[in-house]
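So the structure is just underneath, and the comments pick up after that.
Every chain is named by a letter (A, B, C and D) in the order it is written, and numbering of its residues begins at 1.
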Amino acid sequence: MSKYQHIKDEAYAANMQLPKLGLVLFTFGNVSAVDRSLGVFAIKPSGVPYEDLTPDSMVIVDFDANTVEGNLRPSSDTKTHAVLYKHWDSIGGVVHTHSTYGTSWAQAQRDIPIFGTTHADHLTTDIPCAPPMDDAMIKGNYEYETGFQIMNHFNKFNLDYKEVEMILVGNHAPFTWGKTAAKAVYNSAVLECVAQMAYLTEQINPQAPRLKDTLINKHFQRKHGPDSYYGQS
Amino acid sequence: MSKYQHIKDEAYAANMQLPKLGLVLFTFGNVSAVDRSLGVFAIKPSGVPYEDLTPDSMVIVDFDANTVEGNLRPSSDTKTHAVLYKHWDSIGGVVHTHSTYGTSWAQAQRDIPIFGTTHADHLTTDIPCAPPMDDAMIKGNYEYETGFQIMNHFNKFNLDYKEVEMILVGNHAPFTWGKTAAKAVYNSAVLECVAQMAYLTEQINPQAPRLKDTLINKHFQRKHGPDSYYGQS
Amino acid sequence: MSKYQHIKDEAYAANMQLPKLGLVLFTFGNVSAVDRSLGVFAIKPSGVPYEDLTPDSMVIVDFDANTVEGNLRPSSDTKTHAVLYKHWDSIGGVVHTHSTYGTSWAQAQRDIPIFGTTHADHLTTDIPCAPPMDDAMIKGNYEYETGFQIMNHFNKFNLDYKEVEMILVGNHAPFTWGKTAAKAVYNSAVLECVAQMAYLTEQINPQAPRLKDTLINKHFQRKHGPDSYYGQS
Amino acid sequence: MSKYQHIKDEAYAANMQLPKLGLVLFTFGNVSAVDRSLGVFAIKPSGVPYEDLTPDSMVIVDFDANTVEGNLRPSSDTKTHAVLYKHWDSIGGVVHTHSTYGTSWAQAQRDIPIFGTTHADHLTTDIPCAPPMDDAMIKGNYEYETGFQIMNHFNKFNLDYKEVEMILVGNHAPFTWGKTAAKAVYNSAVLECVAQMAYLTEQINPQAPRLKDTLINKHFQRKHGPDSYYGQS
């Protein structure tokens, strides 16, 4: 058995959640799961339909995107995952999808405004939308640069990747991450849900105001603060 | 067997309807069922996925939100349920969801206008939207105050909780209730259906008028009046 | 065995298509099937969930809405069905739903414009929306008058019920009919499909023009004209 | 066994994907698969429900739309398929649907703007919308002329059918094609997905700009260029 079996299993299980949650059409998405002690992550192979995946079809890649184990070509977005793992040292899983509402906000090149407690239960800011990449980045090492586009946006706006576990890349689509691959998939589903509600909110009331700070803080703290009282832990 | 088994069973069955009716993502919702002779209600445990629920995982809580039986922490919204049971003495079940269209109207901070007979079959007024809570209430005993925010809004606008079995809390999401937990879940599904149709109605005709009083009364009375002739009772 | 078994079976099978086609929530819809030689029709009992229906729970009613056979109360909309069967002598089935998009156009009090060939494959006019009923009709024999509201609208606009097998009743919801109950259900699904596309068409292009007459006639004739060449008959 | 069995099987399997992918209501769609060495294609019979189809119910037709084998009448759109096979010699499958979002753009008589990478992964231009056909074409050999309407639009705008494998016919609905019937179905699903996102993008931001050329080229080339690195081939 491969010494990477545990992350192959984790990445496989998380990838299989994407079609179940309605977040992908065909192969338009991928999930990876990391083992930091081994310095590698397991990621979906490129272009393989979900129904054909097995744990052993996951590809093992290092943080410079070199394949370490596996017979298939890894996801075309592998370098973006690699960059995020290399520079953000507390994340355990990364997800990329082209989910319907999240991608539409990315195409609209707008941050998703924080309109309610569903959003505030998960993060305290608008869901950021990084601008489309500049031509030099696109023509260069594109997927590698996509990782930097994400990190640069977080740095420019003083966002903390441990609290804001999601971003839209302008004209492209969402990326999310989390402590585990399963949590990163959960975040992709939350982003899609919040994106749909924000769209509908603006249709129902074009002057809908952002959520006020007291409600933002209350909801985020009750789930994530030191005195959180949501869940069983 | 617990002397609370009957309300654990009732609350469990009603909770399991939420994902089946498409009203929740992950754990974003909860249902409770009351036994007034015992002065307690059974409610979903906090943050437990629906597929992991059993009747015995329901938590028994009194009307001051003290846990009476159960090893798990009750829903983070338990105090809101408790306040409603304590003050509205004819309700048998309470539901809270973040259903897509209902939550979007709550985020838009608008009452849902009564546009048609689907709405009038269930209530004779717009579906009320309470304003977002003030900062003192949010920073205080938040979920407890949410119950009062709901009741205060009913009092201010002379609404009768026995007829209007649903409300939106501004920037947050819907709450519904009913004579049983199953009826409260039914009301959550009706609210979501009516919320979607009202959104579409305004998109199709921004000048769509509210339903006239004769039709409101006719439809409500044929289902709920003394001479009602809907159903088999 | 009841001498009405064949229409009970037909009405049952057609009713069970409504939830399968996504046209009803809970019990918000009903189908009937007629036997003109016997002068009766079979209709869904009022307020009974679809999953509890059996062929034998269908109620047999005459064209004056008197129950002829069956232990349950017939649909609250029975008189509307009876009026349509009594006056339109070639229809074999009637359907009433509160389907999402059709009902939203009814609430918007607008005819559904004929924008494309999907619509023209089934009828050559806009889908008519009768105005909300006047107060005298509502306060009188409401469901009976609903049937006349439908027929009066057809008469006023010279519509032929054999060609236009559907209508919206303003502020209420769709009614459809056809040579059989199954065809009437088919028409309800077509109405919902066309209603959704017309809504989207206006959102995408508020100046979208109606379909021109040559295309209307071509598509309707190839399915319904004397030289039709669609299908296997 | 028929010497056409392989394309009957291919056409059958591809037709059965349409309802599975949510692209058709009832019989509103059809797929064909060609064998160029035999000069024929297999196509869905007209008006037969998908659940009743078998491989042997597929009809074998030549490029002038004459039936070569089969007891059923072929799809009413057969002549359009025949024209495309006859003139575009590298396509192996053709699909016609009335999918919800694609048809709504066709009814709106608008090209679908290229707003993001999901679109650019598949083609480098807007998805073209041919104008509604002129009256002479409609009154003449309608389905045959529909094929020419598609080809004329490609010629007029210098579009390459090998790269742009999809079109909307104004006031009508989408047609797609590809090297195989399965690929043509894939393209129908991509068109529907892109059509929904483009609709939402304009709702979220009416001033959303088209995707810039560098991103269009990057995404198309990484999937389709000589140095493509998507998938396993």
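Convention: a residue touches a chain if its C-beta (ideal position, glycine included) is under 8 Å from a C-beta of that chain, and two chains touch if they have at least 3 such contacts.
Computed from a prediction, not measured in an experiment: that's the story for all the values here.
Trainee: Walk from chain B over to chain C along touching chains and report the minimum step count.
Mentor: 1
Trainee: Select the chain at the greatest separation from chain B, using centres from the mean of Cα atoms.
Mentor: D
Trainee: Pick same or different for copies chain A and chain B, depending on whether their interface residues overlap by over half.
Mentor: Mostly different residues.
Trainee: Taking each chain's centre as the mean of its CA atoms, how far is chain A from chain C in angstrom?
Mentor: One centre to the other, that is 46 Å.
Trainee: So what's the Cα centroid distance for chain C and chain D, whole Å?
Mentor: 33
Trainee: Which residues does chain A have that touch at least 2 chains other than itself?
Mentor: Only 203 qualify.
Trainee: Hey, which chains are touching each other here?
Mentor: Those chain pairs which touch are A-B, A-D, B-C, C-D.
Trainee: Using the touch definition up top, name the residues of chain B that touch chain A in the complex.
Mentor: Against chain A, the touching part of chain B is residues 25-26, 28, 45-48, 72-73, 76, 98, 100-101, 103-110, 132-133, 135, 138-139, 142, 171-173, 199, 202-203.
Trainee: Chain D touches which residues of chain C in the complex?
Mentor: Interface residues on chain C, with respect to chain D: 115-118, 186, 189-190, 193, 196-198, 200-201, 203-205, 208-209, 211-212, 214-215, 218, 222, 229-232.
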